[in-house]
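Same chain, two partners: chain A is paired with chain B first, then with chain C.
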Partner chain A sequence: MAEEKKLFKVTIDNITIDVEPGTSILNAARMIGGDVAPPAMCYYSKLKGSGGKCRTCLVEVAAGSTADPRPMPKLVASCRTNVMDGMVVKNITSERVIDARAGVVEFLLLNHPLDCPICDQAGECHLQDLGYDHGKEGTRYEFGRRTFHKHDLGPYIQLHMTRCILCYRCVFTADQLTNKRVHGVLDRGDHAEIATYIEKSLDNDFIGNVIDVCPVGALTDKTFRFKNRVWFLKPVDAHRDCPKCSGKVTLWNRGDEVYRVTARKDQWGEVEDWICNECRFDKKLTSDWVIEGPTKVSRQSVISQGHYVGVKRPKETLGEVLEGRKPRLLMDIHDVSEVNKPNIELSKIAGPAHSDDFSKK
Partner chain B sequence: MGRKLLLEKAHVEGIRTYDVYRREGGYASVEKALKNMSPDQVTEEVKKSGLRGRGGAGFPTGMKWSFLAKPEGVPRYLVCNADESEPGTFKDRYLMEFIPHLLIEGLIVASYALGSSRTYIYIRGEYAWIPDILEQAIAEANANGWLGKNILGTGFDCQIYVQRGAGAYICGEETALIESLEGKRGNPRIKPPFPAVKGLWDCPTVVNNVETLAAVVPIINLGGEEYVKIGVGKSTGTKLISACGNINKPGVYEIDMTISVEEFIYSDEYCGGVPNGKKLKACIPGGSSVPILPANLLFKTAKGDTRMMNYESLSDGGFATGTMMGSGGFIVLDEDQCVVRHTLTLARFYRHESCGQCSPCREGTGWMEKILKNIEYGKGKMSDIDLLWDIQRKIEGNTICPLGDAAAWPVAAAIRHFRDEFEWHVLNPVESQQRNFGLAHYADPRPVPATA
Partner chain C sequence: MQALTSRAKPVERKPMTFVERLYLWNIFKGMMITLKHVFMKKPTINYPKETRPFSPVFRGLHVLNRDEEGRERCTACGLCAVACPAEAITMEAAERKNGEEHLYREEKYAARYEINMLRCIFCGLCEEACPKDAVYLSETFAPANYQRKGFIYGKPDLLIPHPKENPEEYKQALGNRANKQQQAN
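Presenting the complex of A and B:
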């Protein structure tokens, strides 16, 4: 008789699901999806040992398990805490979590240069998304921001240490994907930095993946530097026969021109298959690749703005979180205001809406 | 005069050498434990003694030992934490320097109880001269059959190794210590798993403080039940206190936890009072991480009871009106000291020592230091005080290791009890650069709430 696997029942923000023992709270929440999934800036499912550092994924455990229903006194990092049977977790339904998370976002942005206008990561930066979703409008920090002595990581990878959030993902990548790690963290505390020891450049077939795992613009593609804005490019899935890696990539095109090659990423922004440096940096002709079709882009992403093919609607969990109650619309602007002429359907206007379209005449 | 169990013989001429130490009754506990007791009986005795970890957290040692996982065929390790880097704490140094064999003896007994055949002493790098003392003691213990193969014919093998750290406070945190011992960067690990299950080289490991392990010697010699009788309640045995700051006789004292804080500061046997006839303003009784108390909460608890030098009494009132025993780093501040400046000094320390792994501690410690610097140098705003409070609140409890909490607590306690001194700095930017706030009302008797 096949032994039936016992599943654990876990309730996150009032939504209950069954997951296998050994699943982290974060991954359980991701199975539910939508807003219930905590933001994760350092955890990366493909990198062993990652997570626990950024503290954006903190959640409240309101009941430890059926066997021991006591709440956990501190908020826990959901990426590094496994579910127990009967656990009750509060993420967006916990005031404590929202407060602590706003604190973490503020800490992460404290020394960040906010140089998005000149940053190649803008538009696909997880810190931008995080700040937008969970941060406050302003900062209370009145001091000069941190600067670093510049390190050159070689011809392919650009390091902007000032933007780094020290998630350690690139260190794990260098450690786990390449055979000789020369990349790591030097110094400690708020003066800790990602670098190579004594200015060694990174020359390894798979080191380019550090660019894809970096949630911010600290590690970017030098061959794409300042070439274009990601939201002006169309991502298409493509592949080639590569002796070193899977050869499955996303090309970032404008017209027929390949501007950039990255690994394919899933809905959590994680690389699906690691790719080699040759695919990433040296194959920049359409003829190098077999095109499969447009990449599916999350509707939330700014990249979807120029590219409505293959856009996926994110899952809407609010109804369930509120246990069937409808979110209370405080004010429907269309009901009370005629300013925007509700009879005008934006989608029917040719080109972007203009003040002429709403003229009072 | 209180009873001494650890330092009683520390000043016998030549006690550092094996011959004198042995002549004074040394290594009796090893004989007793290895010949007459099973490892579990040793653990049981330590449990009975009520010994609490002397490294800071005060966790019951016997309980910690009994949590150690014991899977077949997997080595287990005992690691002695001699990283002692908490500002104000220098008791382990004293013990290791003056009576090193006591630690080695305790380590052998503890290793036997836990089944550790390779035991490590991880010592802070700045204690550069002590490894030699320890290694000498280890060599002597080896030469006399207390270490090595088949000790006392029991079949138990044990060796002790000394490893120096490289100068990081964070490597005193037990999992950072383990990482460092493994030759890696000293970042605390994310728990669980706890060292009792996966510690050094992923094997079950116990990390204990120097003083904790030394205390195992008198526990075995006297028996757990006798040990409990020294002390009160859950504060059993004796505790080393390293006293410093504005006192007449700074140094390391062994107390039996039945004396009051006032007596400890003013009696000639211990600190000998505050020099130059100055008045006492504040005190941090357990190392830099524990909350600072103003004089009027130091000698008497909020309920009006005399505050004693033991775990329970020092923490009476919680963080609102109490503090902690911590590691026993006793720092006394007289009326000439500035609490703002003092808090800034601590904030700088924690900012500098943060490992930088987790965002709240990495960023928050630096931010607190900068704001405190502004206030101290007359550039602060009233809103800065509330901001400091909010920052420490957002660090505390949200970090990987307790260094975050340790950075938050001193700031919180300083604002809680000395808010007017902070405000005075803000309101008197010029005057605050010329003189100190002074004693103010911090020693005035507090009204004791009437009890029904």
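Presenting the complex of A and C:
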């Protein structure tokens, strides 16, 4: 008879849970869920070796274990610290943690350009959420923010190095999903940047996943660049029979136009199934996909705005009232409006739209 | 019968006095009132030449602002459209090309920007939402029109005149806004 596995009893914010030995504090807290789970910018449960870089998941360990109940002197990174039996952890109940987290957010935002009005990640950006939830208002930084020489990463992926927080998630993704990694972090200190050596394009079949993995807007989808804001699009779960990947994706639609394809994300903002580049960048027709239904979006998210639930299209009563006659004056908005012209499909343009895309008739 | 209130006054049915019967006197009294009004301050104004001062919180027609160098401030971030309770604002964004730096302030700009004035309720939430001070509500009314299609305002209708090429019109369009902003700063 196999020996029964001993479970570790750990108390996080006064909630006790039994977890298997070897679980990190962060994962134990995620099992409890809710506000108890510390935020994580660099840790990604699906990527081996990730975590320990951003320090947003710092927690206070009030008692190390039953055997040695002394508290840990410093705050620890919960993604890299494993639980011990009888450990007592304080996350949101600790003043020190809240204060330290606000400091970490300030550090992460030191060099962040705050160009959210331009950034395509706005609305689904983890750094935005983190700043709102844990940051302080305003900055004390008075110096110029770092700037970089612009690297071109090919036709699919747009790199904005100024927004990067150096979480290394994209590096781990390329290491673990693709057989050859061509990008990485060059230089060090303030000069550290994500780049290829020298000027290569990322073209592996699964490299598109770095877009989903990126917690900020440093790596974004070039085929979706500036096309629309995420909160004007309707996320829809869909799948297709893909020989390379699971084919389970979220389509970001406007009307019947597919603006963007991303992998499905779970409640921690992590990808459920990796998807291949073909699904992500090339299948932008509704007919390519089998639609399952609207994606569940958190009520707190800006993405859920304007998505009226359970709305029925009102019946066209004009013909009935006029007994079949056509109304003499009827304004079709497309006759007047320049926006959303039926003959210009933004989603079909390869890169971002430019002035000449709009000037042609 | 008992009166409902104490304010009711019985009608006077006394016979008229001699002066009242003269009738001319009452005409004279009426004409004096007319004459008094001739010298009173006129409530009407000479409209197109003069305008009434607006309340400081007046919200009129939208203006898309430019910066000091005449570059458009709007980056098509969509916050005005998401804030708009009437869903009157729509836009399409484009990337700035090389050589267009003098036209647009940032690398993304609104290639199309439309406000449906039939829908707009002039609540000013777009102005509050704008992170770039690009859209604000001016001190002019939306002019009347005979047809509904005249109320779909595109970028040519909304953009403020160029501050360098057309400084006078720019100043006029800016209105008291500039003073207010200076006071705020």
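As a working rule, the second predicted complex is superposed on the first by the 304 of 361 C-alpha atoms of A that agree within 3 Å, B and C clash if a C-alpha of one lies under 4 Å from a C-alpha of the other, contacts with A are read in each partner's own complex, and residues count from 1 in each chain.
Operating definition for what follows: a contact is a pair of C-beta atoms (placed from the backbone, for glycine too) under 8 Å apart; a residue touches a chain by one contact, two chains touch by 3 or more.
All of these numbers come straight from a predicted model, not from anything done at the bench.
Engineer: After superposition on the shared chain, which partner residues are touched by A:L346: those of chain B (first), chain C (second), both, or neither?
Structural biologist: Second partner only, chain C.
Engineer: After lining up the shared chain so the two structures overlap, which partner does A:V302 touch, if you call chain B first and chain C second: first, second, both or neither?
Structural biologist: second
Engineer: Touching A:F226 in the superposition: chain B (first), chain C (second), both, neither?
Structural biologist: A:F226: touches chain C, not chain B.
Engineer: First (chain B), second (chain C), both or neither: which does A:T147 touch?
Structural biologist: After superposition on chain A, A:T147 lies in contact with neither partner.
Engineer: In the overlay, answer first, second, both or neither for which of chain B and chain C A:T16 touches.
Structural biologist: In the superposition, A:T16 touches no partner, neither chain B nor chain C.
Engineer: Which of the two partners, first being chain B and second being chain C, lies in contact with A:T139: first, second, both, or neither?
Structural biologist: Touch status of A:T139: no partner.
Engineer: Could you say whether A:T66 touches chain B, chain C, both of them, or neither, answering first, second, both or neither?
Structural biologist: In the superposition, A:T66 touches no partner, neither chain B nor chain C.
Engineer: Enumerate the residues of chain A that count as touching chain B in its complex and touching chain C in the other.
Structural biologist: No residue sits in both footprints.
Engineer: Would you pull the chain C residues touching chain A in the complex into a rising list?
Structural biologist: 75-79, 81-82, 87, 90-95, 97, 100, 106-108, 111-114, 116, 131-132, 148-149, 152, 154
Engineer: Under the stated contact criterion, what part of chain A meets chain B in this complex?
Structural biologist: On the chain A side, the touching residues are 51-56, 58, 74-75, 77, 80, 99-100, 103-104, 106-108, 110-111, 140-141, 143, 165-166, 168, 184-185, 187-192.
Engineer: Quick one: which bits of chain A touch chain C in the complex? Just the residue numbers, please.
Structural biologist: Contact set of chain A toward chain C: 115-118, 122, 225-229, 231-232, 302, 305-306, 331, 333, 335-340, 346, 351-355, 357-358.
Engineer: Residue numbers of chain B touching chain A in their complex, please.
Structural biologist: The touching residues are 168, 170, 185, 190, 351-360, 362-367, 370, 387, 394, 397-400.
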